[in-house]
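Letters A, B, C and D mark the chains in the order given here, with residues in each chain numbered from 1 onward.
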Amino acid sequence: MAETVAVIGLGGMGSGIAGSLLNHGHTVTVYNRTAAAAAPLVARGARPAATPAEAVAPGGIVITMVANDAALEAVAEGAGGFLDRLGADGVHIVMGTHSTALVRRLAGRSQLVAAPVFGRPSAAATGKLWILQSGAAAAKARVRPLLEAASQGIFDIGEAPEAAAVGKIAGNFMIAAATEAMGEAFALLEKSGADARLWHDMMSKTIFACPIYANYGGFILDRAFSPPGFRLTLGAKDIGLALAAGQERSVPMPFASVLRDRFLTAVAQGRGDQDWTAIALNAANDAGLNTD
Amino acid sequence: MAETVAVIGLGGMGSGIAGSLLNHGHTVTVYNRTAAAAAPLVARGARPAATPAEAVAPGGIVITMVANDAALEAVAEGAGGFLDRLGADGVHIVMGTHSTALVRRLAGRSQLVAAPVFGRPSAAATGKLWILQSGAAAAKARVRPLLEAASQGIFDIGEAPEAAAVGKIAGNFMIAAATEAMGEAFALLEKSGADARLWHDMMSKTIFACPIYANYGGFILDRAFSPPGFRLTLGAKDIGLALAAGQERSVPMPFASVLRDRFLTAVAQGRGDQDWTAIALNAANDAGLNTD
Amino acid sequence: MAETVAVIGLGGMGSGIAGSLLNHGHTVTVYNRTAAAAAPLVARGARPAATPAEAVAPGGIVITMVANDAALEAVAEGAGGFLDRLGADGVHIVMGTHSTALVRRLAGRSQLVAAPVFGRPSAAATGKLWILQSGAAAAKARVRPLLEAASQGIFDIGEAPEAAAVGKIAGNFMIAAATEAMGEAFALLEKSGADARLWHDMMSKTIFACPIYANYGGFILDRAFSPPGFRLTLGAKDIGLALAAGQERSVPMPFASVLRDRFLTAVAQGRGDQDWTAIALNAANDAGLNTD
Amino acid sequence: MAETVAVIGLGGMGSGIAGSLLNHGHTVTVYNRTAAAAAPLVARGARPAATPAEAVAPGGIVITMVANDAALEAVAEGAGGFLDRLGADGVHIVMGTHSTALVRRLAGRSQLVAAPVFGRPSAAATGKLWILQSGAAAAKARVRPLLEAASQGIFDIGEAPEAAAVGKIAGNFMIAAATEAMGEAFALLEKSGADARLWHDMMSKTIFACPIYANYGGFILDRAFSPPGFRLTLGAKDIGLALAAGQERSVPMPFASVLRDRFLTAVAQGRGDQDWTAIALNAANDAGLNTD
């Protein structure tokens, strides 16, 4: 029998996940800080809740998909937060990208499955996300049908809730690093008079024949930064999480440090609301290429 | 009718290419600085030459696959060099990785097709290289059957000989950048108590499902650096070529700069003869992980 | 008439400042988390307090010199914290190195003079610190005799409390940058067979004839890292403050990013309790020089 | 008795040195690629030479002060070059900034004293340069009066000609590093609303009370980049020499790598003919400060 599940945080990603759950016949309760985002889901049968606490049942299951640590702390522990009501037997599926420190702390309040996702909102709506999960075996078994509804594949990385959290952070770092590498390569090719588009075509059909290089490279070449698939300020936050995780464990990350500065430059120059692939423009700007 | 072609430089890659040409019925003349390397090819029907000049015919075709600019200058222009004999109508296929400055200069001496390759020596021997080519249309048409014999795909990037040269340099830069990114990510995961191998398995089956991440990530996790598929000192040379090309065109490349220092550190610490993926150990060493 | 003043935080620097105040005839109340540190000052006439709140008088003056933001929050706002008792008319002189965010927030609770110092503990004890101050004019006028007792010079940087805080952070960043630059230069000289000591002698007598280069360069050349004049982990914290300030204002700082990684590497390799100039060993280690 | 000496290379620095030699009663022969630069010195008694070779006497003394390695190779070994005529007993004083590789090679052709200078052209004209020297003891003794005429201090760094060459390169690296550090610090202060000028005043009177910080910091704050005291493209060359020296000896230099990219960016954005302190604008530009 399909479980009842609360979904808290109804941005593009959270709404997509809730929609996939509805598609699979789950009973879904939804909460969003600004209530309007809930309307399309309510029209499809979701039950709206006035507070995070009201969305969950004691010992039930709640999915959070919110933008940052502060937002997660607010819905979990703030006024009307769900943790007290959820209780130690309830399962909290953390699908957003959060600091390892916060995930570790929240894991002491309920059963916690870290289940961050890779994919864009459109993949969430069609159940095509990739999910990386970690947490206690029993909790993972219980929520498995829910994660399957939203994804085309679930990869397990162990029992420690922190593991999937750091895995997500590391993945986003790798994406940003690939973006910067393409930005530098494209700038070099363009200033050398070579056709960056033909070169990218080869790379993304051969040794780099994978979605990040194929798709993100295309966004960069097309300057397709608006509307954002993933906002640059969120990317900046995620690199900050990578650096914070590295700080906590004494792991120097020189590429992450370069990326930090690239994101800050992009924000300082007014690109914070563009897609995060726009950090690739830094290389072009520094090389004196007219990029606008 | 199959062309006669000279192959100069019989390391693993050059020998593989010569072998593929023989497999396709081409008449092949071979030259190597140290003659012993020619023996297996001679046994298969190749004709050995005592000097580069002797290997080529006026107006003929020559492939060079040598380790660096100095070696290319030596075989082309040094004592016994082939360029004078090859003449302006001969075609020089440059398959090694060389500076844009040298390729540009040599393009004035003969018909020049830059045709650098991606792939390991085993791919050369089985005709499975990826080739990026640039040069004048007529010359490219003439050598096409030869390049097809050695490759599973040829990507064209225009008329300027320099274009494919810089494309190759940019490609190797991208590979090294991916290596460093994985090195940093693995170090972060390992010090956080997460299973880097499970994480890599996910990445290389989803958003980074391409040969560089799948294969090179495995080398790093397995510490499989000897024998080298591509020697670390050669990788250092190629990052130097990227920086030199950037210098020439005023293209700052912060990731390439980090990589330069990573390669130098690896060389200083005695890893110059390992596979170039060993630069990923720098991140582990800096993080205090015991890597040996 | 000399003012009564509370000094909270009696490490080497705070003890030195309190001693200088006693030397100048001020009435001094002292508080330290571990009470033993107060004994030598009490023997010289200081009055010990059991809590931060007990150390201050309503509308009085308090100096804080504690190790980090958490410690400052604890003594100011935690259990037994002094801010409620000090009141809006009291003056809080912040002499430690703290985040701009915290200084800005605490400035809303009392009169706040940011008065961070440059100098080692021995300079504090002899009234030879350099002080950078900012804050409201009246408050600065009131505390001037106190700051003069501890210093050989006071430099004013305006009314905003945050100004001196960021000025201190920027100063420590500059010191760390000079340290790293010397580390790289020394490594280059040593591996080139040149005498780094003779070279340093020239530099510190000519174009770099100033304390940081003369003294810190000497520490590096002598490997004089223990006991620490300023602990490496504190330097790491200060670079973190610089990066956080830059993050808040969108100021990319590539040198600070390199320094962050240098500090992390030093901590990972067990040098956290050495003097912060030990970050210069990273360059030597990377170059393969045997530094131990 | 004063020696006869040839001075080759009459830019601002070379002319200043020649003038100081004339001031001290030395007999001076001068050569410059474009002869007009010699006129003011000829008017003061210098003898003009039509070629480098003609400027020197067998077994005599020649000072070279030219812009880069190519220029030094041209005057020493090119058509009309002086080395053959100077001979093995003549002394070649290399006062320009050159690669360690070239200095090492030229040291095999004559007695060679590397004597690079620190100071601006005005200091050369008034005999106020700082000189770093290395070379064989007898040669250094012979040329000592000449170097004294041009300088306020000579620092010896041993017998190996390469030593002073790498010392000069390391010194210029340190200057550029200080410039970048100030650029980042100023950007942070300005965006934080602090007065960078007051802060710089403190720093350059206390812990950084030395010419580089005092003078160069002022240039940056005043945007006093034209006319250049030392052209940015020459600074770029010198960082390239530092990186090349590090490459040769396997010495990674992350600060030098950042500086490389800073110089390239400045050149790409049209600042190549400004003073090299203009690299400090990169930090301001990246932070979104309007710097023009």
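Assume a contact is a pair of C-beta atoms (placed from the backbone, for glycine too) under 8 Å apart; a residue touches a chain by one contact, two chains touch by 3 or more.
Computed from a predicted model, the values in this text were never measured in an experiment.
J.: Identify the chains adjacent to both chain C and chain D in the sense defined at the top.
T.: A, B
J.: When every step has to jump to a touching chain, what is the lowest number of steps that links chain B to chain C?
T.: Step count on the best path from chain B to chain C: 1.
J.: Give the rotation angle, in degrees and rounded to the nearest 5, that superposes the C-alpha atoms of chain B onto those of its identical copy chain D.
T.: 180
J.: Specify the chain most distant from chain D by Cα centroid.
T.: When every chain centre is compared against chain D, the largest gap points to A.
J.: Any idea whether A-B or A-C has more C-beta pairs in contact?
T.: Output for the comparison: A-B.
J.: Once you find the CA centre of chain A and the CA centre of chain C, what distance in Å lies between them?
T.: Computed value for the inter-centroid distance: 39 Å.
J.: Roughly how far is chain A from chain D, centre to centre by C-alpha average, rounded to an integer in Å?
T.: That gives a centre separation of 52 Å.
J.: On a C-alpha centroid basis, what's the spacing between chain A and chain B, in Å?
T.: Each chain reduced to its C-alpha mean, chain A and chain B end up 37 Å apart.
J.: Which residues does chain D have that touch at least 2 chains other than itself?
T.: 246, 250-254, 258, 261-262, 264-265, 268, 286-288
J.: Which chain B residues qualify as touching chain C in the complex?
T.: Touching chain C: residues 254, 261, 264-265, 268-270, 286-288 of chain B.
J.: Note which residues of chain D are touching chain C in the complex, please.
T.: Touching chain C from chain D are residues 100, 118, 130, 132, 134, 153, 155-158, 160, 162-164, 166-167, 169-171, 173-175, 177-178, 180-182, 184-185, 187-189, 191-195, 198-199, 201-203, 205-213, 242, 245-246, 249-256, 258, 262, 283, 286-288.
J.: Provide the residue numbers of chain D that touch chain B in the complex, in ascending order.
T.: For this pair, the touching residues of chain D are 240, 243, 246-247, 250-254, 257-258, 260-262, 264-265, 267-268.
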